[in-house]
Structure formats: C-alpha cells, structure tokens
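You will see chain A twice below: alongside chain B first, and alongside chain C after that.
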Partner chain A sequence: MFEFRLAKDEIGVISLEKRARITGETSSNFRKWQDTVDLKSCSRVILDGTNIEFIDSMGIAALISIYKTIAAEGNDLVLVNLSEEIKKLLNTLRLDRLFIVKDCSVEEAVKNSC
Partner chain B sequence: MGEKNYSFMIEPNLGKIDAFSAKVSDIVRKNMGNENGFRAGLIVIEACSNIVKHGELDEEDRISVDLTIGEDRVTITIEDTSKEFNPLEVDEPDLEDIELLQKGGMGVYLIRRFSRGIEYSYEDGKNILRITI
Partner chain C sequence: MSRILVVDDDLSVRVLLKSILARDEHEVVESADGESAFSSLSRGKPDMILLDLMLPDYNGLDILNELKQDRELESIPVIVLTGSADRESKLTALSSGAVDFISKPFLPEEVILRVNTQLKLHDLIKSLRIAVDNLENDVLAAGKIQNALVPQSNPQGLAVEWIYEPSYRVGGDIFDVFKLSDNRFFVYLADMSGHGVNAAMLSVMVHRFIEDFRIGMGDRDFDLGVFMKELDKSFVFERFNLFFTIVSLIVDLEEGIVLLSNAGHPSPLIQRNGSVELLDRQREGLVGINMIRGDVAKIPFLSGDRLLLYTDGLIEVMNEGGEMFGEDRLIDLVKSCSKIDIKRTSGRLKDSYESFKGDALAEDDITALLIEF
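And now, the complex of A and B:
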C-alpha cells in the first residue's frame, strides 16, 4: 500500500499506491511499514498526499511517528498534495509547526522550489 | 428541501466503523459539500472509535447512529450501552506535547473543534451524544 523511493539519492518520497483512508488498521500498518524503510538516512522526506482520501487521529499519530524518526536526525518532513480538509485538520492540531505543508508537486518539493 | 433522516446500527469494531465513517462522509458530502462531508466522517470515526476503545462493549452490542441532514446543518446522534462516559468532561490535550498526541487524546478535541455544538446525556443505561455540524 505504501511506496518509498529515493529522489536525488537522498530525498525520501513516500506515497500511497492507490487512494486510501489512513485510519485504524491502516494507520497501524503505516507505522509498521516505516520501520522497513530507511528514513533516517534521508536528508528530507516528502509525503505525497495525493492518494490520502481521509485521515483520523490514529492516522495523524502515524504521521507524528514518522515525523519523530526524521526530526531525530534533524531533518524535515514535507507534506504535499493534501486536500484542503486534511490541511485544516493539521492546522487545528497545530501540527503545521512540525510538518512543512506545501502546495506544490512532489517534483517541486524535491527541487525545493516551492 | 425537507430534512433527511438516516438510522444505522454499527458493530463495535474499528474496521466496521471506518467503513461506516466513509459512508456518512459520502451521504453528507452529496447533500452539504466536501467540507461538511469530511467533518461528519471525522466526528463519526472519532466518537465511535472512542466507544470501541474505552467502552468495553461485547461483540453482539451495537452502536446506534442517527443522521439528520437539514437545510443548513447536520445532526449526528450516537447512542451506546457502554459505561457512562461524558466526553465534555475530557480535558483539552496539550497540543505542545507530541508524545501525548501520538498516544491518543486527539479524538474528543477534534469532535469539539469540528462541530458547532455537542450535547451529552446518560439515560436508561445509554450514553447519548448529539453533535451538530
């Protein structure tokens, strides 16, 4: 369900293979999945939210878990292509101070041009 | 447009609640737009998940959900027979404490922030939560 690739050899890009809700069991799977990829060695990690249909508090907890892994190395978690509703949800929880939320494509975020 | 009323009985497990939340989102979205659809789905999943996680319900128990879509508002009434729990008495989470947020504690806060009004009562052995968005 979750995909990981490296861009420019050092920027991690996480995406979802298909449209999905990050809730309940999927959130647990997301947290387990992150242990199978090497996020710590990435200079930055970009999460492509294109296929995130919906997220609840358990899904947000999974995002916080990923953030903590990346932030422990002093690096950023960048979220792109989120729906307006999900952006509002993150703002409500003031998580936009942890995550960098950008309105641009993955390619632009990789180039750091947005 | 008159009111539209829907009634559901939900099995107390997280997978069923997720599917139900998606269904409620779709119904509300078609009538009240994307933002309200998202809000309704979020409120349902957070409220019902709390009941499953903390309510000690048996498999055969059901969570009753009534959905009323009016001209300019949606009312969601959730009833369950688990132990008495008033979400309005839950302290707001410390949003600076990400360890706490990661463990949970966001659900009731999100229900409050994404609703216009919440009423709670405990009657005849039932928790009754009425949320307006």
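And now, the complex of A and C:
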C-alpha cells in the first residue's frame, strides 16, 4: 500500500499507491512496512499526502513514529499535498510544529524550492 | 475417535457404513427409523449424524428441521444420505442446515473423507467459539476494571455530569474529578490514540500515574503546569508507540477561576449568558512526544457558567450518510439547553448524538463532562 522511493541526494519520498484511510489497521501494516525501508539514511523524507483520504489517531501515531526515526538523525519530515482537513487536524494537535507542512509539489519539495 | 449416529432403514447400508467408519476407529450407533433415532439422541449426544432422507416413519428433512430447532442438538453436524438422482432434496437438506451430503451408492473413501472433514471443521468451529468466548469474557472483565476507575458519584461541592461510553467493551478515554480542598477541584479528560485493548491499558496506566502524582505532590501544592510536563516526560512515545491528548483543569470556586491546560485535545466549550463558545486556549501538542511546556490559561467565570469537556469521538460521531455530528451541532445543542439543569442537558446530549448516529457503527469512544459553576 505504501511506496518508498529515493529521489536525488538521498531524499526519501513516501506515497500511497491508491486513495486510503490511515487508521488503526493500516497503521500496524505501516509499522511493518516502515521496518523494511531505510529512513535513517535519508537526509530528508517527504510524505506525499495526495492519496490520504482520512487519518485517525493511530495514523497520527504512525506519522509520529516516522518523524521520531528521522528526527533522531537530525533530519526533517516534510508533508505535502495534504487535504485541508488533515492540515487542520495537524494544527489542532500542534504537530505542524514538528513536521514541516508545505503547500507545494513533491518535486519542489525534493528541490527544496518551497 | 468420534461417536456417529447412522440413521437408515436399510440394514446393509448401516452395516457397510459401520465397517467403513470403524476403520478410523469411529464408534457407530445405529437407528433404523426416526423414532429410534430420537430415542437414541435422548440418551446421549453423538458427534455427528448420518441421516437417510427416506425413512419409513419420518421424512429425513423433518428430522433435520427438528434437530435444528433443538438448542441442545442443533450444533451436531448432520450429513444426509440421498439417492444420487435426488438433487432437489440435497439442496433442501443443505439449506436446512445439513453440512454435507453423501450420494448412494458411495465409495468407502468418500465416506471417510467427508465425515472426517466435517468432524474436523466442527471441532475447529467449537474451539474458535470457546476462544472467542474467553476473549470476550476477558475484555468484559477489563471493561469493568476500567469503569471502576472513573468516578462513580459526584464529588461534593462541584456540579458535574458525565457521559462515558467506550466504542467497544473497553476504550481509550479516561477522566477523573478530584476534590483538592473544599473549593478547589482537579478535573482531567484524556484520550489515548486508538481504541480497544491497547488504548485501554494505557488509559489505566495514565489514570494510575495521575493518582500517584497527585498524592506525591499533595493536594495543596498541586500545580497544573508541572503536572502536564511530568506527564509528557513519563509517557514517552517510543515506549508504547502511542500518545494521548489531555485537557486538565483546576476549578477554584472561591476565586472564581478555572486554570486550564490543553494538550492536543478538542477545545472545551464555555457557556455564559446564553452564548456558547469554543474555549481555544490550547498552545501545546500531544502528550508523549515532548511538546509540553506546561502552559496554563487562567479563565474567570461567573456563577451559572458552564464548561463542557469532550473527546473527539463526540464531534466525530458519524451518521449512516457519513456526515459528522460536528462542533456546530454540539454548540447549538448546548445553547438550547441553557434553561435546563446539567443532568438533563447531559441526557439530551446523549439522546441527540445517538439519534444522529442511527444504526451507524460507533467508531470511537465518547466521553463528555459538563461542569456548572
């Protein structure tokens, strides 16, 4: 369900194959998936929210888990293409202080031009 | 080895089946007609019944129907014996609850295979049912423990009403109301990420932690900011891969103020002079990921003002059309209840989201606390 690719300069991009809700069940699959990819050696990780339809508290826990992995190396988690509802949720939870939320395309985020 | 009741009027069929089943060490009890089959069943329950559909005294389908209506006997798997051309009654038998059929004439291997497969399946279903029952009982017991942690009655001196409804038998919401002194009360409402057993276990730990913290600090010196920072430090995200949101407050009736600290929790509602507003004083993030600075807001109140704390499960109640209950509906409802007491208001709130939800499934735990000053 989740896809990971490396853009230039060890920048990781996480996206969803198709539109999905990230909830309790998917987030446990997500954890397993997270163990299979090497986020630690990425200098920046970009999460493409295009296909995230809805996210519940367990989904948020999954995002925090990615953030914790990346932040431990001193690197950034950048979220792009999020729906307005999800942005509002991140703001309510004050998570927009931890994650970098941007209104730009994945390509721009990779180039760090936004 | 299983006990199998063979009901067939043809002696040669019974003898043949008995010898086939004896190879796998199954014990066979024989009945030549319906009457003797029923009297055999009244003496003891077999593990399986092989039932001929054409008996001298009974139609096999009638026996099948009677078995299925008997609470004691309905779980015995029944395989029907039919003539190979009789497709209609095979179908009727299957739809009446038979697990399989064997067509006459039969091959010994087929009989053994079908009987053993069904016995195995039946055993699996039985053990699955026992496992589910055990699990269900455990969760029920856990639910009782969790329920015993939330207040059972109002603390004297503070008017407060609550709704506490886990989406499953246990849930991820927890709250408490303590009396710190004659005029000071400590109230908190927390929501663990996720719901169900893991969230419930964390909620019990949080509850316990808060109780210990309160005892350690002493009711007189209880400090909300220190308390919130301590929670954040103690429930590190990596430990359980879970976080929680919490709104905590100290109500000081003598001073006429509420001290409030909110970490990631939906904003409480405040009602005064007929107007209802979101009390958005939140500056802090989630507990468990080191985002808490211990900021505390000081809110003055007047006698008669009301404060509603709730978890997001309430505003996210979904109806069958996928629409959410939402903040606006909640605000309107609280507004419309300003003339009735908080007990009835809380009852009306419950009725309101329940009728909104209709037959849709409850997705999250719902907790609401209504305080009147």
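Please note the rule applied: the second predicted complex is superposed on the first by the 113 of 114 C-alpha atoms of A that agree within 3 Å, B and C clash if a C-alpha of one lies under 4 Å from a C-alpha of the other, contacts with A are read in each partner's own complex, and residues count from 1 in each chain.
One rule holds in what follows: a contact is a pair of C-beta atoms (placed from the backbone, for glycine too) under 8 Å apart; a residue touches a chain by one contact, two chains touch by 3 or more.
Treat the numbers as computed from the prediction; the structure is a model and nothing was measured.
Trainee: Looking at the combined model built on chain A, do chain B and chain C fit side by side or clash?
Mentor: clash
Trainee: Of the partners chain B and chain C, which touch A:93 in the superposed model: first, second, both, neither?
Mentor: After superposing on A, A:93 lies in contact with both chain B and chain C.
Trainee: If you tally the residues of chain A touched by each partner, is the higher count for chain B or for chain C?
Mentor: B
Trainee: Thinking of the overlay built on chain A, is A:54 touched by chain B (first), by chain C (second), by both, or by neither?
Mentor: first
Trainee: Applying the touch criterion given at the start, work out whether A:85 contacts chain B, chain C, both or neither, answering first, second, both or neither.
Mentor: first
Trainee: Check whether A:68 is in contact with chain B, with chain C, with both or with neither, and answer first, second, both or neither.
Mentor: A:68 contacts both chain B and chain C.
Trainee: Report for A:18: first if it touches chain B alone, second if chain C alone, otherwise both or neither.
Mentor: Neither partner.
Trainee: Per the definitions at the top, what is the overlap between the chain A residues touching chain B and those touching chain C?
Mentor: Looking at chain A, the two contact sets intersect at 24, 56-58, 60-61, 64-65, 68, 92-95, 98.
Trainee: Quick one: which bits of chain C touch chain A in the complex? Just the residue numbers, please.
Mentor: 191-196, 237-238, 241-243, 245, 264, 266, 282-286, 289, 291, 364
Trainee: Which residues of chain B touch chain A in their complex?
Mentor: 14-15, 17-18, 21-22, 25, 34-35, 38-39, 41-42, 45-46, 49, 95, 98, 101-104, 106-107, 109-110, 113-114
Trainee: Taking the touch rule as given, give the residues of chain A at its contact with chain C in the complex, in rising order.
Mentor: Within the complex, chain A contacts chain C at residues 24, 31, 56-58, 60-61, 64-65, 68, 92-95, 97-98.
Trainee: Using the touch rule from the top, collect the residues of chain A that touch chain B in their complex.
Mentor: By the definition above, chain A touches chain B via 21, 23-25, 54, 56-58, 60-61, 64-65, 67-68, 83-85, 89, 92-95, 98.
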